[in-house]
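Each of the next two complexes has subunit A plus one more chain, namely subunit B in the first and subunit C in the second.
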Partner chain A sequence: MDSRDGDGSTEDYETLIQTTDVELLKRAWRQEKAAPEILKFETDLITRLTGQIELVEENVEQDSQSGIDPLTVSLYQMDLDRTQFLLRSYLRIRLQKIEKYIFHILATAELYNRLSKQEKEFAKSCLVDLEKHLEESVLSKLPNNYQSIFKQSMISEENDMVAKPQLDTFVVCKTNDYLGHIQLEDNEDGSSDDRANQRPLEEPFEMETDVLYFVRYKAIKGFVEEGRIDLF
Partner chain B sequence: MAGQSDPNLSIFSAEEVEFMAEDEMVEIVPNMRMDKLTLICGDYGPFFPQMPAQVPLWLAIALKKRGKCTIRLPDWMSVENLSQTLEAERDSQESFQILPFHYVEISRLLFDHARGDIPDVYTVRSLIEDIKDVRFHKVETSLESFEDARSSAVKVKNLSAMEVNLVRPFVGRALQAFYKHGSPELVPNPERMPPRQPQATDSIQRRPLRKR
Partner chain C sequence: MYGKKASELVKEIASSEKGQLTPFSSDLFDEVIEECKQHYHELECLIRRMEDQGLNVETAKNEDHYGALIHHLSLVRNKRCLMAYLYNRAEILRTLMWKVGSVIPEEIKEKLSYSEKEYITKHSSSLKKYMSSVELDLEVDMVPPKDPYIKVRVLDDLGGDILLSDDKKANFTRHSMHFLKRTDAEQLISQGKMEELKD
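The block that comes next holds the complex of A and B.
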């Protein structure tokens, strides 16, 4: 990887660079940061990386004891720090989202399944604590009809005290393959937007590769999950 | 702290954008010998004196700080190329010239740490500042033309990372507001008379309790 010898191998070089675990983690981190809802946990990637990180941590420990050139040690340490930052930030963002939308995530099977094993446990115990806290400090003191955690009052038809992620936010994204004919308005899905069947259909929207677009997250949600669109 | 950059989750701080820029590759000329580095993010080296090598920017800066190498200026940063880019930026009102995605961060880092390696550093610096200004002015004027309330997607061609990050919060909220308010209720359409659904407690329209 330290020499480029012609266009053919530069392309392979590019793809090789694209698929290092750190690159994948960086991508996962960016996606998670930019997306309004929680995405699927990258179990394999994180397991591999935690393994690598632990290994390097041990090595750095040993090397700094055994008197290997401190410059080399510090470079390994820097690389380690960078990777750890990405990992920690990734996990923290997910935790923030879990805390923010906790009732919604636990109530929706699809979202709940996107959590890792530890996150699920965290979410469950967080829920218990939060419910208890709300009960004791606020809800028990409210009049009888207003004591539910999920509903504003007994006459509410749905759980309107539950914070849901705003899927309508606009995100910056880039596509990996050319995508023609993206439906920008949700017409089929009448339930989410009751203005949908009144809005005239626009021209189908196309996205060229390698160009940034501001798009409504909901319109490209499926593509993000498939990995065809990258968020920035 | 990692991940604590902003209470609003989806904003990247300037430091985080710089972090991403630091993975870009640059060419260095080491002045010493070093064994291969098997880093988590890839393998680099071995390094030989006077033999150019490609490394990520953060590694180049680290080596430079310890006086172990010189950094070769990227081609796009030569006075010639920058002057051409500036000309072209000034000439075209609509489009942006093609520059590396992280040109702001890369040039900033090189100015801060590798000044000695840049010939005509003051010229290069002022050219980049000018390019930044012209581009940002273009971004501002194009923001004024977001009148089409039905635009559900906006193409930003050739914008750089820092520029995108600066306008992201504003453009995001503006487009969202347009989308929300740009419904055909305001534009009477006599042909379509769909039944209106009763809007009782509607969780979409309720704003989250915390202001964004």
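The block that comes next holds the complex of A and C.
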């Protein structure tokens, strides 16, 4: 929702437009849509936006009654509709991710803390529902050592029954400022400090500003979380 | 062959059209569960035999050990297949709920197991609770709005008593076409009383 008396006379107009809450929401929505895992909930942004939406709703209501040019009113209405679509879609995408990776999210504190208060509530009841369904249909009918919902059997050392998002999927992205030395190879497993044993790495990856890249999400995950890389 | 039946369950999911549900294969499902119990029984017998022979179950690597291992692995595989079957069906159901809303059509309900029906009822109330906590209906606005006005055709005889938001009344006789505010028409469309005309 652009503010009604924003004047577009200066060259700052572009930057001003870029930082309105609607643009920020659009960005958050795009990030959330493109990222395979759930990102941090934009608490402040969403709170501000819901307030603004209410305000514009009231204004539109008033204007349409006070005989202002219907065309003007319908333009505001259109702006409002679009923002509301963005907001709804943003929340929907998040809920769908929660539904899909519920066990993983609830087992990982870092992910769980990215949820909003209401989403946490939803996640909890979602878990109870799905757990009950799986318990009743299968787990309770299996032998004792095999009833865990997280592990295949008692002897599994880690949670090996939990669906996780695929972090090595490819994403399209762009950076705002130059980023050098992005490690594309996965050296999480294996001794990363033992340079001699490592197979020859590709050249460290560099990202120029405003160029579209197609890379694995995993390699740029950190930058996405810091908000330095935009996903598309 | 061990694990054959369970793999059929998974194949059923894999080969069905994306987003389409097949009737719940309860017979096959129960047979796989029965197979799991059988595996466990055999497993226990083998372990007991090892213990009777005074062998250390952890370290002795005789034929009974490997026999037991095979039963264990088959059981775990069956469990994975059973869970994958349920998990994927649950996912299809949730996707469906996002598309048609919380009321699942009868012809699809017939394909569900009892526990699945329970699950969707509960899940949809969880969703409802979330929506009321954020004071937003997330089941509308599924596609990005292009224009505040849309062209519609009336499918049901609605008469002339419907008040539009600009305080005018329109005569909605069946098959008549109108150019309406999207917000006015949306509800009537989702109730199936109108359809949107797209060029």
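Here is the rule we use: the second predicted complex is superposed on the first by the 206 of 232 C-alpha atoms of A that agree within 3 Å, B and C clash if a C-alpha of one lies under 4 Å from a C-alpha of the other, contacts with A are read in each partner's own complex, and residues count from 1 in each chain.
Everything that follows uses one rule, which is that a residue touches a chain if its C-beta (ideal position, glycine included) is under 8 Å from a C-beta of that chain, and two chains touch if they have at least 3 such contacts.
What you are looking at is a predicted structure, and each value in this text was computed from that prediction instead of being measured.
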Looking at the overlay, what does A:Phe170 touch: subunit B (first), subunit C (second), both, or neither? first
Kindly classify A:Asp21 by the partners it touches after superposition: subunit B alone (first), subunit C alone (second), both, or neither? first
Output check: A:Leu142 vs subunit B and subunit C. Expected answer is one of first, second, both, neither. What do you get? second
For A:Thr83, decide between first (touching subunit B), second (touching subunit C), both and neither. first
Comparing subunit B and subunit C in the superposed model, the one touching more of subunit A is B
Touch check for A:Asp44: first (subunit B), second (subunit C), both, or neither? neither
Touching A:Val215 in the superposition: subunit B (first), subunit C (second), both, neither? first
In the overlaid three-chain picture, which partner chain does A:Phe205 touch, first (subunit B) or second (subunit C), both, or neither? first
Classify the contacts of A:Glu58 with the two partner chains as first (subunit B alone), second (subunit C alone), both, or neither. neither
Please work out whether A:Lys33 is in contact with subunit B alone, subunit C alone, both, or neither, and reply first, second, both or neither. first
What is the shared patch of subunit A, the residues that subunit B and subunit C both contact? 74, 78, 82, 84-85, 88-89, 91-92, 96, 100, 152, 163
Give the list of subunit A residues in touch with subunit C in this complex. 50, 64, 70, 74, 77-78, 81-82, 84-85, 87-89, 91-92, 95-96, 99-100, 118-119, 121-122, 125-126, 129-130, 132-134, 136-138, 141-143, 146, 152-153, 161, 163
Taking the touch rule as given, give the residues of subunit B at its contact with subunit A in the complex, in rising order. 1-4, 9-10, 12, 19-20, 22-23, 34-35, 37, 39-46, 53-54, 58-59, 62-63, 66, 68, 150, 152-157, 159, 161, 164, 168, 171-172, 175-176, 179-180, 183-185, 189, 192, 194, 197, 199-201, 203-204, 206, 208-209
Write out the stretch or stretches of subunit A touching subunit B in their complex. 1-2, 4, 17, 20-23, 26, 30, 33-36, 49, 52-53, 56, 71-72, 74-76, 78-80, 82-85, 88-93, 96-97, 100, 152, 156-160, 162-164, 166, 168-172, 184-185, 192-195, 197-200, 202, 205, 211-216, 219, 232
What residues of subunit C sit close enough to touch subunit A in their complex? 29, 33, 36-37, 40, 72, 75-76, 79-80, 82-83, 86-87, 90-91, 94, 98, 113, 115-116, 118-119, 122-123, 126-127, 129-130, 133-138, 140-141, 144-145, 147-149, 165-166, 181-183
